[in-house]
Amino acid sequence: MKRNFLSISVAGAVMALSSLTVLSAGSVASASTLTSVKFVYDFPGPDMELIPVVVAAREGFFKKNGLKVSVEFPPSTSSTTQLLTTGSGDIGFITTSDMAVAVEAKAPILSVANYSMTNNWGLFAKPGSMLTLASLKGKKIFSWGDTWTNAMIPFVLKKAHLKASDVTIVTGANDTPLLMNGTIDFTTSTTNYSIPGITEATKSAPVGIVGSAAGVPNVPVWVYAVTHSYANQHGKNVKRFLAAIKAATIWASAHRAKAVADFIAAYPKSGYSKFYSTKGWDLTVPLLTNKAGKYFVQTNAQWTTLATALKGINLIKSIPAPSTYYTNKFIP
Amino acid sequence: MSNSTLLVLRGVSKTFGTTTALSPMDLEIERGSFVSIVGPSGCGKSTLFNVLSGLLRPDGGTITLEGKDVIGATGHVGYMLQKDLLVPWRTVLGNITLGARLKGKVTPENREQATGFAEKYGLGEFLNHYPSALSGGMRQRVALMRTLATNHQLLLLDEPFGALDAQTRFEMQQWLLQVWRDTERTVLFITHDVDEAVFLSDRVLVMSPRPGRVVDDLRVDLPRPRTLDTLVSPAFTELKARVLHQLHRERAV
Amino acid sequence: MTKKKLLVNIFGPILSVVVLISIWQSIVTWGHVASYIAPKPFDAVRSVTSNWSTLAPLTWWTIKETVYGYLAGALLGAFLGVILSKIPLMQRVLYPLLILTQAIPIIALAPPLVMILGFGVMPKVVIVAWIVFFPVTVSVLDGLNHVDKDLLTLAKVFGANPLRRFVVLEMPAAVTQLFSGLKIGATYAVTGAIIGELAASSGSSLALYQRSASGSLDAAGVYGTTLIMTAIGIVWFLLVVGVEFLATPWQRRSTARRWRRGAKPVLPNN
């Protein structure tokens, strides 16, 4: 999924500061009439999945929708939901598993739009390695320590008919070096992160088992979320935010090189190369629309599937009605 | 040299830079005698003790203890200071046997001897006490027993009662004389207190600085055992006067 | 200790903890704090007890990391303290370097250690030792440098060679100071283990369990693991204090315990 965890978390504060220059580029004239919105990412540092937000800021889509958006990075992979509930963030970028556990814990979080539409998460290995479910036994598998990975791994083990004790989960901050030097046998990630990363390191595409082949439920990975109170009091902001993101995403999908250039200009010290961000964004674009070509739209089915699956591995105890999780009413 | 001579110094001198701490000195100490050394600071008495104990090498001369040359060699004399220097983490028994511990092991014989000292001199109940539980006078007694337990014939005592109050000091002086009688050791005793010097000793050496040397050597023929009456007797006063005059004459110069 | 002193010294702290817990409970209950932000104290404890089968091995690992790292750090610290005391050149050269090691934030230290030592127990042990050794070195150095010089001179006159003087007089004199350093190290040792676990773990660990609970908004779980970590630190500290009590009786007692005595005491009225 993501890499350079700790090194970026240290630079996270710098990122937050430099992000203010992003919005200043687009808000010269009518600064006083723009509404402020705090956007919180799901990872301590920026990466190419942030391109819609970056482009929306730099190419004026936020301004056009009357918004001034600051981008914040949480201190760890598990903090975004807390930042929302304590009011330190207005709109958050979280995984659907974060949503599920938040609702279980009775945190007042609501998903307002899908980011991606399918589950492109799986296990990956160096090119040329053997990677089958049968070959997992006794191996060392990397984990980022976040909720999503913790939620997905039991599905994999279930499909492979393995117990938790049959594998060793190694939790760390950065998977590619460990994969390269053999400290771990397999890493866990989504295709749009893993393929650029391993291709960059080995000049060749990784082998992987993804999605239902890995035994994981086919549900979207990431969503945009707000608290119930923010949705009730500032629904207009949410609407405008999503409108800006949609326009920015369409633009960024049509002008890929420029979009990546915008990202690099906004976050020159992100730790990702132009190659990585370009390839990553290329792999992300197809994930953002559903079969009907629509952005953001969520379904009852996706949430029910997720809740049922998570209950099946005892991550949550009860399956609430799907409407508890989401609303599509802010989608443009 | 007769059999009763324990310690012989011939031409022993020590200079520190331009200061002559000890000008060449000859001295003979009889076995079993009690000899006091009085003198102002800088007269060389501490240097003399340091040389005798082996801590310092003299610039010249010979030192013979029981016929053996002991220049620069430690471990031949008992030594005691004004500070009791009792080791806080060892009991009274442990402190008395410290000498043995410092050279190797503490044997059952060492312990027996230590217990014997303590019991004989009224500290038998305190063998397993830590020094912090003892009074100043008791601690000095333990320090003396520690010195005795090293089983050296010659004991160097450097103002051991200087820190005690007058009452305790007198008791300790009586006690020291009793111990000296019982153990038949030879004592060299440094003090500022002229009364103490004359009261305790067979012989008083008066020293003077610049350069450090012995300027008077008195025999104290007062009868033993010495009591309170001795302190006020005319003979005592005469000796005391002589020592005082020596001390002050030197200072006037 | 007198009965009254005992009551005050033991029940005093217990009472203050009880009061604190009551305040905590009141704030959460009557302040209507959401359960995913802060749990009631008993919920935190219940989270520990009901998940004990998962938490027990993790706790055991953290304890091992803490104890091994502490012992390694204490030994290293004492050794360095002696070296620095006895060899002035070493002191001038090494002391600034040692201070430098403590200036490095432990959190920044963890990733490089993991790169070198891997994901197992070793990096955690090294981090704990890193934290513990310095206060021990300083206290041993201090203790050795402040031995009464006249006592050492006396020992020389008694004919003791430098090694004997060191073993019989200097080492025991430094022991009192040593425990100051050991106690300081004990309070920080667990932190080192947790930082190491956060940087990298093979399998699960207390720190990862807590992070997982945090991500699941399981506040009771988060607070519960904090309680476990705190308990480990407290117990270890008390153990060190206990050893100090046994090792330095002369600071509190007037007589030696039975098993330390070398002679039968002579009682009065014989």
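Going in written order, the chains are labelled A, B and C, and every chain counts its residues from 1.
Simple rule for what comes next: contacts are C-beta pairs under 8 Å (C-beta built on N, C-alpha and C of every residue); 3 or more make two chains touch, one makes a residue touch a chain.
What you are looking at is a predicted structure, and each value in this text was computed from that prediction instead of being measured.
Which chain's mean C-alpha position is the greatest distance from chain A's?
B
If I average the C-alpha coordinates per chain and also across every protein chain shown, which chain's average lies closest to the global one?
C
Based only on mean CA positions, could you tell me how far chain B sits from chain C in angstrom?
Going by mean C-alpha positions, chain B sits 48 Å from chain C.
Need the CA-centroid distance for the pair chain A / chain C, whole Å please.
Whole-Å distance between the two chain centres: 41.
Would you mind pulling out the distance in Å between where the CA atoms of chain A average out and where those of chain B do?
Taking the average C-alpha coordinate of chain A and of chain B, the gap between them is 88 Å.
Which positions in chain B are in touch with at least two other chains?
Residue numbers touching two or more other chains: none in chain B.
For chain C, give me the residues that contact two or more of the other chains.
none
Where on chain A does chain C make contact in their complex?
Checking each residue of chain A against chain C gives 6-7, 10, 76-79, 81-82, 85-86, 98, 101-102, 104-107, 140, 145-147, 150, 168-173, 183, 315.
Within the complex, which stretch of chain C touches chain A?
Chain C residues touching chain A: 34-37, 108, 111, 114, 118-119, 199-205, 208, 211-212, 214-219.
Give every residue of chain C touching chain B within the complex, in rising order.
It comes out as residues 148, 150-151, 153-160, 164-165, 168-169, 172-173, 175, 248-250, 253-256, 260-263, 265-268.
What residues of chain B sit close enough to touch chain C in their complex?
Touching chain C: residues 53-55, 74-77, 79, 81, 83, 85, 87-89, 91, 93-94, 97-99, 101-104, 106, 111, 114-115, 118-119, 124-125, 127-130, 132-133, 150 of chain B.
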